[in-house]
Amino acid sequence: MTERQESKQSVKEMNAAMLSSMEAPSRGWLVLAAALGAVVGWGAYAWGLQLVNGLGVAGINRPVMWGFYIINFVFWVGMSHSGTMVSAILRLTNANWRRPILRGAEAMTVFTITVAAMFPLIHLGRSWKLHYFIPFPNTLGLWPNFRSPLLWDIMAINTYIIGSSLFLYLGMLPDLAVVRDRKQGLAKTIYSILAMGWRGTAREWRVYHKASTLMAALIIPVAVSVHSIVSWDFAMTLVPGWHSTIFAPYFVIGAIFSGIAAVVTLILILRRAFQLEEFLTPGHMDNMGKVLLVVSLLWSYFYFAEVLTTWYGHKPIEWAVFTFTGDAYGFLLGLMVVGNTCITIPALCFRRVRRSGPAMLFISIFVNIGMFTERFLIVVPPLAHRNVPFMWGTYAPTWVELSITAAAFAGFGLLYVLFSRFMPIVAISDVHEGEALRSHHRLGRRTVSTMTEEG
Amino acid sequence: MEVVGIFENLETAGHAVKDLIRAHVQEEDITSLTAVPYPEGVLVHEKDTRSHLQWFALGGGIAGALTGFGLAAGTAWLYPLFTGDKPIVSLFPVGIITYEFTMLFAILGTVFGMFIEMGLPGFLFRVQAPEVTEGMVGISVLCATADERGRIRELLLKAGATRVRTGGVRK
Amino acid sequence: MKNTRVVIFLAFVLLATAVTLLVFYNLGYIFYFPASSDDRSPAQPIAFSHRLHAGERGIHCEYCHRSARISSTAGVPDVALCRSCHMYIAADRPVIKDLSRYWIEGRPIPWVRVHRLPDFAFFPHRMHLNAGVYCDQCHGNVAAMDRVERVSGLNMGWCLDCHRRKSASIDCWTCHR
Amino acid sequence: MNQAESDNAAYHWGMVIDLDRCTGCGACVVACQAENNVPTVGETLCSQGREMQWIRIERYWEGQYPEVRARFIPLLCQHCDNAPCEPVCPVYASYHTSEGLNGQVYNRCVGTRYCANNCPFSARVFNFFEPEWPEPLNNQLSPDLTVRSKGVMEKCTFCIQRIRRGKEDAKLEGRPVRDEDIVPACAQTCAPGAIVFGNMADPESRAFRLARSKRRFRLLEDLGTEPSVIYLKGGGREDD
């Protein structure tokens, strides 16, 4: 699938190219890291202010008790599905074009879920009482309520953070050995410990392959369960507009949708930033574009099914919520439908669009704006327009919520920038493996590439 | 003790393995060090390719299921709080917690099993060959005595090894 | 052979479960925090000896802590009550002179609190006394203490233990409201 | 206490509110505020809709001008028997007592606000800031119940401190609780006597008798939350 020259580069040169991001930091890198750090610091200040003064500094209010924090939580958990799902599915289906994207996607999963896990904590009225959630014997003689969907959330996110971190680490093991052999001094010691003495013996490789397949198979049901449970935070309530059976699959698809769009954005940025055009080619964009198209169709179908049943059933309270959404948040509703469906589906049908970097960047960012809007529309309007008309209200975030949201994006960026500086951002061994398995045969007048079967 | 010969490419390394076997070195003592996984038999045949990884995953899964169930249902039993005439142990939530812990422990079991089967982490008693990650191919032979080590060293050099590294104390 | 392997496998699984559950169930002891880090036996402004009064002289607790049976709080006696005896008894001792000074200046004695429950925990003394839970069950043998010392943990688990033992209510709103 | 026992508990507290008697004067709101240490949030926060009343008078207009009538519904926590707020609380801060009350334990609350979202009546209020009482209101804080801190959810408790006291007194006197032993602040202060509180498990209690009225209804009954607050509305006078 790659469009590389046939003359084979030496492994050493390829390593150097793929690890270019780990070279001494450029001024641009430092400026970027500092800028992102500053935004994170500003967000931390805003949170500190909220901790000291109380949640009133945020825009949440009766009746909209959940606001931007939960929207962000759902959004970031959704993004985190990209990585692991994409990489696990591609691993399991032996898609050969997957190799260069794997690492970026898996790292993204870990960082987005880390950012996501911050939000329930920020959202709490008394964040310092977080240990009340953890089941351990205490002097209070009390346990958390396992009936609450929030507790399922804690358990699921915990599983997902550990699982996806291990998945990332496992995939990195041979690459850490590559880094180890290129470093000197203290760095060498650190990477030696991280690489655990990996040498690449036949046995290590065999077990490694089996383990990654097994992990990929295990992580998919976890990812599905995580976003199902996030959806149940809403679906298990009595709130009209939330209490819907379609929510679990709808959320999972939405999560994969925004996740894949985020992977596309990230790949485009990475290949530009670290001159990885050679490894992340338009061919990859083309394939990712096809996946995005399929998921976009799926998402649109789910949304259509949800609205259709609401409209056709015409239960007064449900319909009131829906019309309220259209009235009060019509612009956002339009933005969501345009971003997720109207632009994405027609555009991605064209090969030229899928292979064009700027077009894909535009679409993928627009999809994520659409998906953020979708989360807003899920969380806010049903709360604002509940059973008792006397308490109908609205919601708008304050600068505190906006700052913390900005800090979340910056924090994710910062984690990623640091990661790309200190860890191999391209799955080196996987790329080498792809090269090694591809041999070239003369067939008549042409040289064609053949794939050796993978183990 | 271990002897590692570094070869420029796959072909010479493959020939070296053949030479070693012809010189009556046990095939199970030979392994390859590569930057890329090659299918079984490209360089060496492993004698025992059975893997118990799935059992680690399964064992982890069962332990996780028991833990999850013990945590959700067990603690509800130990510290009962009666809320609105609902049963103490409610099955659906317990099922969800059980599921999450099953998956978590299955993943932990897989990683644990992987390191056990790989024999990692291993820092001592192993010859590290940094050339391998740069695309060279290493052929590692375990040997019992110093004499044998010298013999194998000669064999590897004759087969075209650019460099031979020795070390390790275990057989 | 096959059976041995299965047994080893199952043993391993059970061991892993047991270890995890043990760790979870014991986290509370690993990270144990006492309910209160205050001094267990703080110095008091006046060296009042419970051993002397309640022990040797045999004055009943409720003679001084008068509201215990009828109110939520046991009540600390006012200076007048102290003085009602000490106007005559041992009036020339230096400690009693200190006491008299509070009376003359019209100030309450700033006793240092030994048993303090958090503001959100409500402990009605009268319900406990009338249910037959006497002072010493929580406060220890005060009649043997010169200076009162806190002997009970006063944390929620400690309360609950007793409530469970005596089948008293363990409803949250019994104590928190 | 097991399930059967709590089903047959001696007390099941409930309230009957006669809407035909309610004048919408708001005395209950003030009484509740004073009795329960409910903070007064001040002008700014109040205009933002962050007032903390545990009971509020909902006013609806009926008919078209000039034939307009105001309708009032005093709305407080309905103490649902099948309360939606309870199972969603991750820490059991919201829980059900064996006497049919919907409990809220402030010191356990971590402030997820999940219960408030799931309450169809929006009866729960949240401490967005650390509560402050301007002089001289700070001198009237009741020592019988907690002063809540910021980040904590709170709501009507049917004046649990009065229920506790009534039950304690009755217990010390060795008799069951009588109808007049426990009167919540709102019922006590209601001039037209629209609010009646009582033990629904006792067929002799006034609340129970009123609750059998033909005019009875409960709010959002189709949701199946089984509220313990029963409203009376018919237009005529009270008919038992």
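Going by the order they are written in, the chains are A, B, C and D; count residues from 1 in each one.
The criterion applied here is as follows: a contact is a pair of C-beta atoms (placed from the backbone, for glycine too) under 8 Å apart; a residue touches a chain by one contact, two chains touch by 3 or more.
Computed from a prediction, not measured in an experiment: that's the story for all the values here.
Centroid analysis (C-alpha atoms only) places D farthest from subunit B. By number of C-beta pairs in contact, chains A-B lead all other pairings. If each chain is reduced to the centroid of its CA atoms, subunit B and subunit C end up 58 Å from each other.
Annotation: 44 Å between the Cα-based centres of subunit A and subunit D. Mean C-alpha positions place subunit B and subunit D at a centre distance of 64 Å. Averaging C-alpha coordinates per chain places the centre of subunit A 30 Å away from that of subunit B.
Residues of subunit C in contact with two or more other chains: 24. Among the residues of subunit D, those in touch with two or more other chains are 87, 92, 95, 98, 108. The set of subunit A residues touching two or more other chains comprises 135, 141-143, 145, 147, 151.
Viewed as a contact network, the protein chains are fully connected, with every chain touching every other. Residues of subunit C that touch subunit D in their complex: 118-122, 124, 126-127, 130, 171-174, 176-177. By the touch criterion given at the top, residues 134-142 of subunit A touch subunit C in their complex.
Against subunit D, in their complex, subunit B makes its touches with residues 81-87.
Considering their complex, residues 55, 59-60, 62-63, 66-67, 70-71, 74, 105 of subunit B touch subunit C. If you check the complex, the residues on subunit A that touch subunit B are 10-12, 15, 135, 141-143, 145-147, 151-152, 155-156, 158-159, 162-163, 166-167, 170, 174, 177-178, 180-182, 192, 196-211, 214-215, 218-219, 221-222, 225, 229, 429, 432-433, 435-436, 452-455.
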